[in-house]
Amino acid sequence: MAQPKGPAPDAVPAGAGAGAPAFSKSEMMIVAAARELAGQRVCFVGVGLPNIAVNLAKRTVAPEMELVYEAGVFGAEPARLPLSIGDPTIVTGATAVVSMWELFAYYLQGGLVDVGFLGAAQIDRFGNINTTVIGDYAAPKTRLPGSGGACEIAINARQIFVIMRQSARSFVERIDFRTSPGNLGGAAKAERIRREQGWLGRGPSVVVTDLGIWHFDEDGEMRLDALHPGATLEEVRATIGWEPKVSPALAVTPAPTAAELRLIREELDPDGMYTK
Amino acid sequence: MAQPKGPAPDAVPAGAGAGAPAFSKSEMMIVAAARELAGQRVCFVGVGLPNIAVNLAKRTVAPEMELVYEAGVFGAEPARLPLSIGDPTIVTGATAVVSMWELFAYYLQGGLVDVGFLGAAQIDRFGNINTTVIGDYAAPKTRLPGSGGACEIAINARQIFVIMRQSARSFVERIDFRTSPGNLGGAAKAERIRREQGWLGRGPSVVVTDLGIWHFDEDGEMRLDALHPGATLEEVRATIGWEPKVSPALAVTPAPTAAELRLIREELDPDGMYTK
Amino acid sequence: MSSKVATMRDAVAELVRDGDTVAIEGFTHLISFAAGHEIIRQRRRDLVLARMTPDLIYDQMVAAGVARRLVFSWLGNPGVGGLNAIRRVTEGANATLELEEYSHFGMVARYAAGAANLPFMPLRSYFETDLPKVNPRIRPIESPYGDGVVYAVPPLRPDVTVIHAQRADASGNTQVWGLLGSQKEAAFAAERVIVVVEELVDEAVVRADPNRTIIPGIIVDAVVVEPWGAHPSYVQGHYDRDNRFYRDWDPISRDAAATEAWLRDWVYDLDGRAAYAEKLGVERLAALRPSGPAPSGVVDYGEYR
Amino acid sequence: MSSKVATMRDAVAELVRDGDTVAIEGFTHLISFAAGHEIIRQRRRDLVLARMTPDLIYDQMVAAGVARRLVFSWLGNPGVGGLNAIRRVTEGANATLELEEYSHFGMVARYAAGAANLPFMPLRSYFETDLPKVNPRIRPIESPYGDGVVYAVPPLRPDVTVIHAQRADASGNTQVWGLLGSQKEAAFAAERVIVVVEELVDEAVVRADPNRTIIPGIIVDAVVVEPWGAHPSYVQGHYDRDNRFYRDWDPISRDAAATEAWLRDWVYDLDGRAAYAEKLGVERLAALRPSGPAPSGVVDYGEYR
């Protein structure tokens, strides 16, 4: 699956209020993404940031959520944060470990996955994702990992969550390659095509970044619904390649709690791989 | 898979010579079929008579032969004769037990089976087999079991062995239903079609009956190559629906040895299910 | 995780409906006679019965009048003969039961297509046979790579699939060893799934050996604990196939009245599997135990903290 | 049964030929770095390297000049970054390595089609993406049941597939637990198969648990006993993934000279895996052992005489 590309310069904003713990932008992003998983039943976990967000959700808002790893694991109970999505800790103590044929054919394509949680290198306003190349396919400026399972996850998971850092290079007017379909050219066309082609997925429903939380409006377009504490609309506009829609009821994301931060810092990412 | 139909009236001929053990027609048939398996590597075992013939071969001429059961077993070492081809004794001690999807897709269709060993209710001169109905399909005189795996075994096993009792009802000019293809209308057409359609199988190579042993000649037609001790050409002609080809070098099948008979009577079929 | 443990009566009452397509799967091994009998007892009607090998259980269900149609690939009493109750309604002028017929691989491929949400599954079978002529759902399909034609079968999606297993936990995570048949595919393909087990185990038993799991609880609607629920079929490591039963069924099933009497004595007049096992008697059941143990050995998954 | 046990040197010398399509499979788990290094050491050329996730082993093999083409679905160093040696020959004007790209399910389906001798495998993927535009082998196919179009991928049939496993017997009956990846399909699809194991076991160990077998010896050409043969990847129950190695590779592989030096020190100048393990040192290896045991438990197949 897609892996966020490039270094992650990560400013540390002040805490949200007096006495509140300080936290990094990455920590806020991971916490916000985890909270979006409340109430979800079966989540397909992507490599990179999705992995830590989903594991945090499992320890907080969604303890009964079943974690599916494309490596062939259902019902993982990782004792430590898996560095890769094929880590031995996702196997020991899982409810089922199966071949990848079975995982993709019967679990994913068969319709058991509620949320597919992906990263992205480029995304457009309709949630279409590129994780393949920057530049021309035949002689790319940057060769990215490619689809992995993202392409079929985007089509077969009931809904798609995305977690990625915002930048003018990643939130673009036009992605260089469509690896995983989102709302195509807009909701109307996307709904027609999904129906005609019998997709199980209803497409992207949330994008969580280091600056805020985006959902998709009735046109199938990203709309900023919440700004993280300390983030500004100017920052958002400076890190996006189109004029973004902003909710009239724009909220502020509640800051990470001490418990959430403790889980990230002590259990999930003690070496700061994702949050440094 | 196909199962020989109807009762098996089984005369007991005299032994082949002075001091030789007496044996039944069924015993001769099973022994002759087992011997044909000498040198074979992987055999797909059908229900009924093939099951006992193959298990006898494994204990005599082909100890290293791998037994494949469509139930999903490779490398079975049955401690007793399995009554059905899904018996627990074929599982315990086998080298691999897999789903039927895997067995049919990867083992059979994938080309690992050297010999598919089938029974039949009707067979024609070109080795085409009916195990589906006697009479009209929609309102049959007799409803038979149907294909089971026989249809795909006939197409994908490298060669097909058949074991069945001869009778005017079973060796017919025209089978009522083609469940499993043999040499179709003759070798030339069969070879062309197999090549065009990419079959792995080269079709039937031997039919062993209670009267003798048939192989297939260059026209793809059955030719009687051996008569069992005590059997006559008259008997053969009386139990066949066409004028059979007979080898100019017609042999007599060597009678069952004491060791072969002991294995059948004491180990494989002590209750005489197949040989009564 | 909430428990899905239910009685067979409740599971069938709630999950099996008149007119449903029902697959009680299991190839020789693990055939849920207990579920079949409960369906008879609750007098379901108009069912489409799917099974690779209808076996005695569908012969009994057809005799009891629950079925409208049979979807299958091999119709017989293995090693014994025919299925006589089914023959009575499929031969000659009495052919009232609808038959939809495939080969074994065709049926497996249908379940696999259903499990994988595919519109068809290709296979190399049926060439030059009469099967596609009598079953228009078996269709040729051309390879998009210009290398010829193979056959396709359509997905089979049962309304209910019933499987029997050695063990499951209360949320339906199910483990099987021995013959696996097409149970996994039939279960994933189904709208609703009933798992019947010899033994209910703690979740920790399942999680200790996750590669042994054939279906996850997420697709399971009810877990029924029913020891001896597969008799006269068998359960690897628990009991042997009751071959005598298979032989005895032949004369019974040849006679419509004897069949009806059997159904009365062994199904209608009993309130469930415990009564059935009691009626069979401890001696007969004890004789079906394996002749000895054959332990799998232990593998180590390792703890990774 | 004759023994297929061979040294890695002999297995590669005999079974891997210039120009071959080679699949060293294993998803994170059980990647045969030992076989990859031996292929480098024997200076094979012009290989088509197939793997879902090329990982460090193909980065090293590409750096060593063995490959002409890569067939894959995810190209990266999971959790760390890119595969830098491969990026050097796939980006900009230096794009000399041929790439043939699928999604994960596309690759798995290609192996499955190869294993099942099918001309294609259908799947519900690729709709409205650019992948079919850049890979003409991904083709639309219409359902013969009038219910629309899905995509197809062609079979992938490696000349050689290499898999690593916890154990096999001398004739190649192979058992794996933990992640199964697509090894089974890749092995059945291949012309020749090399199995590398942590442990050679008696046939009786395999036969005690036949459901654990992923491939039968009949498709195996060589069994190589090579403890630590999957390092820096891992073997469930035996050793952990050496994540430090994956991180350390990033700066090495960014520099062509450093990469060449690494290959000299760790591949060309060593005569095999035992020397490699010795060079890593007992301390580093010991630290990779699981933090504790996690036994599977035993199941009983029962003896049926």
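Of note:
Which chain is which? They are A, B, C and D, in the order written, and residues in each are numbered from 1.
The rule is short, and it goes like this: contacts are C-beta pairs under 8 Å (C-beta built on N, C-alpha and C of every residue); 3 or more make two chains touch, one makes a residue touch a chain.
Owing to the predicted nature of the structure, the values given are computational and were not obtained by experimental measurement.
Common neighbours of chain A and chain C, by the contact definition above: D. In terms of C-beta pairs in contact, the better-connected of the chain pairs A-D and B-D is A-D.
The chain with its Cα centroid farthest from the Cα centroid of chain C is A.
Separating the CA-averaged centres of chain C and chain D is a span of 37 Å.
Centre-to-centre spacing of chain B and chain C amounts to 28 Å, using the average Cα coordinate of each chain. Taking each chain's centre as the mean of its C-alpha atoms, chain B lies 41 Å from chain D.
Residue numbers of chain D whose C-beta contacts span two or more other chains: 112, 117-119, 123-124, 147-148, 177-178, 180, 184-185, 208, 211, 236, 240, 290, 294, 301-305. Looking at chain B, one finds that residues 73, 87-88, 91-93, 97-98, 105, 109, 156, 198, 200 touch two or more other chains. Contact between chains, as defined at the top, is found for A-C, A-D, B-C, B-D, C-D.
Those residues of chain A that touch chain D in the shared complex are 1, 3, 47-48, 70-73, 83-88, 91-93, 97-101, 104-105, 108-109, 132, 137-152, 155-156, 177-181, 184, 193, 196-200, 273. Interface residues of chain D facing chain B in the complex, by the touch rule stated above, are 1, 112, 115-119, 173, 184-185, 188, 203, 206-208, 210-211, 213, 215-219, 301-305. Residues 117-124, 137, 139-141, 143-145, 147-148, 150, 152, 154, 166, 177-178, 180, 205, 208-209, 211-212, 236-238, 240, 290-305 of chain C touch chain D in their complex. Residues of chain D that touch chain A in their complex: 27-29, 52-53, 72-76, 78-79, 81-82, 86-87, 90-93, 95, 101-105, 108-109, 111-112, 123-131, 134, 147-149, 177-182, 184-185, 234, 236, 240-241, 243, 246, 290, 294. In the complex of the two chains, the chain A residues touching chain C come out as 41-42, 64, 66, 73-75, 77, 79-80, 87-89, 91-98, 102, 105-106, 109-112, 156, 198, 200.
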